[in-house]
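This is the structure I want to talk about, given as structure tokens.
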Amino acid sequence: MTEATFTKNEMMIVAAARELAGQRVCFVGVGLPNIAVNLAQRTVAPDIELVYESGVFGAKPARLPLSIGDPTIVTGATAVTSMHELFAFYLQGGLIDVGFLGAAQIDRFGNLNSTVIGPYDAPKARLPGSGGACEIAINARQVFVIMRQSARSFVERIDFRTSPGNLGGAEQSERIRREQGWLGRGPSVVVTDLALWRFDETGELFVESLHPGVTLAEVRATVGWEPKLAASLATTPAPTSAELRLIREELDPGGAYTR
Amino acid sequence: MTEATFTKNEMMIVAAARELAGQRVCFVGVGLPNIAVNLAQRTVAPDIELVYESGVFGAKPARLPLSIGDPTIVTGATAVTSMHELFAFYLQGGLIDVGFLGAAQIDRFGNLNSTVIGPYDAPKARLPGSGGACEIAINARQVFVIMRQSARSFVERIDFRTSPGNLGGAEQSERIRREQGWLGRGPSVVVTDLALWRFDETGELFVESLHPGVTLAEVRATVGWEPKLAASLATTPAPTSAELRLIREELDPGGAYTR
Amino acid sequence: MATSKVATMRDAVAELVRDGDTVAIEGFTHLISFAAGHEIIRQRRRDLTLARMTPDLIYDQMIAAGCARKLIFSWLGNPGVGTLGAIRRRAEGDGPDRLELEEYSHFGMVGRYTAGAAKLPFYPLRSYFESDLPKVNARIREIDSPFGNGKVYAVPPLQPDVSIVHAQRADAAGNTQIWGLLGCQKEAAFAAERVIVVAEELVDEAVIRADPNRTVIPGLIVDAVVVEPFGAHPSYVQGAYDRDNRFYLDWDPITKDEAALAAWLDEWVYGLDGRAAYVEKLGAARVAALRPGRAPSGSVDYGTYP
Amino acid sequence: MATSKVATMRDAVAELVRDGDTVAIEGFTHLISFAAGHEIIRQRRRDLTLARMTPDLIYDQMIAAGCARKLIFSWLGNPGVGTLGAIRRRAEGDGPDRLELEEYSHFGMVGRYTAGAAKLPFYPLRSYFESDLPKVNARIREIDSPFGNGKVYAVPPLQPDVSIVHAQRADAAGNTQIWGLLGCQKEAAFAAERVIVVAEELVDEAVIRADPNRTVIPGLIVDAVVVEPFGAHPSYVQGAYDRDNRFYLDWDPITKDEAALAAWLDEWVYGLDGRAAYVEKLGAARVAALRPGRAPSGSVDYGTYP
């Protein structure tokens, strides 16, 4: 079946969208998360509300936003506010169910680096920095991570902790989040181009399912530690023809993010 | 001349309005201060901007506002904001040149009580409380006080300090305001139904001028301490026929505040 | 998309306002929900902690009716007229039913709601220096800046169990738009556990979405939408009706006389089954006299993309 | 009533932007004043500290032109496209002209402007817990609540010498109205010592006063009003023109190549005497292609009293 052929990005979008089933309010980033949330709105989460850190609640984009501040997310939105109000009352106020984050590096406990590669004062590479990521990681009820995996991105030690994940493990993370009254429970799922990962009771990532056609060897080769695996390692259900049609015909006809 | 006859309130309004010469931004209260500022706008301070704590900047009231939140101060205003913005950015931000305050009690150093008469926990009389007075006293560049004087209002010791004036005197007041970085320099003039008062170098009130027809005996009889007097005690210039016409025909034709 | 939250005032109050709750009916002169206050009186809620910057006539009425045990406020009076007799009698008395007062300045109250809305443990402000207010309210405390650049005062978060906001218009999902004085309604609503919006007019979602910058409260935090025209009388609604200043003047002799106040409550609250009856009793002439002339804002263009 | 503050961009920058200043050209994706940034480059300002949540292409250009010694920011990149080459080269280098970076999260930057606008010694927020950011920025510090209900982090006030805000419309006194994304322009403007408003359209005071709730910045804090249609290109103005995404894509190869960037500055900044010439050079077809369709907000009624 032709619809059985799909790109790695399409698989990531579909896998992330399915995770949004039952979620109510989602903090959207540009790129893949944006397409994933829009797909979820058309499939598993019809009532999901899109919140953009640029100050938009209840966006109804008429086209695929090419930036997080695209005018198409403003026209027809439910509310447009100052960024102070968005961050203070919506995010910090505890109204966000899911925040999407990407990163250049992630460790086994889901801590994220989007600041620098190498030492902070003499970086090998200067990355964009936090943006809203640090406060999203702390205040969104749960965090979905979307990123490609490679030996350079899935590392034993991240060079800089921009956004806290499960810290040194579940026990420490739960204690600190409780003691300091964080609203966020931390990362719950990591969707990559090869697999879907969740966190076990120790707070460590494990491979829940491999995307169709992906081998365990490929996954191991792109992770800087010996990855844990689900007791019964599943295969991520492939995108359905309906999901692919929505992505290709409605959400990203130009293929800006999906090719 | 008939226009030479005027009420005590009219004298208070006119005396206060004249003090606004050269002032730019004024925090307006209801009642006499409101009429005084509107009179100043038509006479000595044509460019003065009216700010209401209810969240209005650049008000152009079409009628005399009967409350500080009257809809007539909204329609045609330059800006209407949340009270958070008004207090945080306009007042605390240092944009207010003059704040008007009234009170039930004032002491010789211009400290004001608008909270209780008698002990706080068992008051003889419960008064309205601070409203915005406490932050106006601290953040407005200078404070004008308008109140009637009597042995019960001009007292040796106020029962409660709602709004700080010159504290225990100029030396202490200037030191504390400097050390704590207050934007306000404190009270600069007190206009009563009998006289116009200013503060001397020690921070204590003195009678600058008696309103026409008022005797020094009347003033002394209505002050709870031996009041200081200006070296050459003047008589407050009476309201001009032009000032009275503006008050009676434009600002308060009903005489709600001026009879 | 979202299911309708439209409810009658009776059902909204019955479901969302409970004995012992902290209730904030906010609105600075503008948009005070007298309709909600009267329904709370009719349903005989008790032991409420009432929060409002300016308690105004509505809290004088609720406290006279015995709904409250405590008042959190910043300015207590009938603006430009005089005192609030019921509150004053309960506050100055020393019986078991003495009303507990917790007072701040205006900015302190705004700061408490803001901290509540932002889930902050405190809100810092440059007020209260050398004032006696911190001496009589232990919830006003000094705080040093961690940058060595001075001290300010702080107030703690205020998170009402219920905030009630009157507005010009809302859609069925509770997306609410207000113009004119905004007071601290946004902060009070975001700070609250439950929110009731009382709207002059129920509008289609499309009306809200046509001007998203005008939205003050998102339906996301709203539990019930009550459509109650003239529900803010004797306060006012910008563009819809004027403040009934005569009512505020007439209140002065009533509030000074417990018997007269009780009689007023019997006639205007207990004796009526809701706002519609109240408006009818007010009479068409009085209502008509409060209608303003028109002053259109004009329209701006958001553009379509693509 | 107030005297006109209308000025040319050249005069406004010459008078209000000085070597060594801290300058904030704010606007989140929306309303970025490229016109002001280009004039600052043309007038060869030096040693500026540039503050912006998202430095975007305009700061990449200004830093390539040698205007700045320091950058205060929260997200550094070409959104959805790639990196900002000039900034990255200056930041990763270790020469004497290395660009000093001071970084926060988005909310931290908003908080810094808010504290600056409110004259507070710090702004508290619930971010930075267990992040390395406080370790590399000593201006992010812990603070304990005086109410014993936990600790949060604080950032210090940011008070730019000059804030520059692009807007849909302003009157001659500087009263400014914005719709669409509001970013942190209000806070940046109130926090600044001097404010330049760049408006797509100069309107009569009556247009502003017809809808006072739409006013974001009062003329009271504005020093100059520059009327500069299309002055935000390649960013956008809600309702007036779309974001020129092609420009952002085309920037990627230019910013990666110092020579290409220098040539671009010669052609598009130094080689032109102002925004009008820039728009003419862009060409009518490209400008026309960015015009959106119409989406009117509709009008509300403020009412006349009396």
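Quick notes
To keep things simple, chains are lettered A, B, C and D as they appear, and every chain counts its residues starting from 1.
To be clear about the criterion, contacts are C-beta pairs under 8 Å (C-beta built on N, C-alpha and C of every residue); 3 or more make two chains touch, one makes a residue touch a chain.
Small disclaimer: the values here were computed from a predicted structure and weren't measured.
Touch-path distance (fewest steps) from subunit A to subunit B is 2. Within the contact network of the assembly, the step distance from subunit B to subunit C comes to 1. Set side by side, A-D and A-C show the greater C-beta contact count at A-D. Look at the CA centroids: the one farthest from the centroid of subunit B belongs to A. With each centre defined as the average position of its C-alpha atoms, the distance from subunit C to subunit D rounds to 37 Å. Centre-to-centre separation of subunit A and subunit D, using mean CA positions: 29 Å. With centres set at the average Cα position, the gap from subunit B to subunit D is 40 Å.
Multi-chain contact residues of subunit B, defined as those touching 2 or more other chains: 56, 70-71, 74-76, 80-81, 88, 92, 183. Multi-chain contact residues of subunit C (touching two or more other chains): 114, 118-120, 125-126, 150-151, 179-180, 182, 186, 210, 213, 238, 242, 292, 295, 302-306. Because contacts link the chains in a way that matches no line, ring, star or complete pattern, their graph is best described as other. You'll find the chains touch as A-C, A-D, B-C, B-D, C-D. Within the complex formed with subunit D, the subunit C residues making contact are 118-122, 124-126, 139, 141-143, 145-147, 149-152, 154, 156, 168, 177, 179-180, 182, 207, 210-211, 213-214, 238-240, 242, 292-306. Residues of subunit B that touch subunit C in their complex: 30-31, 53-56, 66-71, 74-76, 80-84, 87-88, 91-92, 115, 120, 122-123, 125-135, 138-139, 160-164, 167, 176, 180-183. Interface residues of subunit C facing subunit B in the complex, by the touch rule stated above, are 28-30, 53-54, 73-77, 79-80, 88, 91-92, 94, 103-107, 110-111, 114, 125-133, 136, 150-151, 179-184, 186-187, 236, 238, 242-243, 245, 248, 292, 295. Interface of subunit A with subunit C (complex): residues 25, 46-47, 49, 56-58, 60, 62-63, 70-72, 74-81, 85, 88-89, 92-95, 183. Of all the residues in subunit D, the ones that touch subunit B in their complex are 1-2, 114, 117-120, 175, 186, 190, 205, 208-210, 212-213, 215, 218-221, 302-306.
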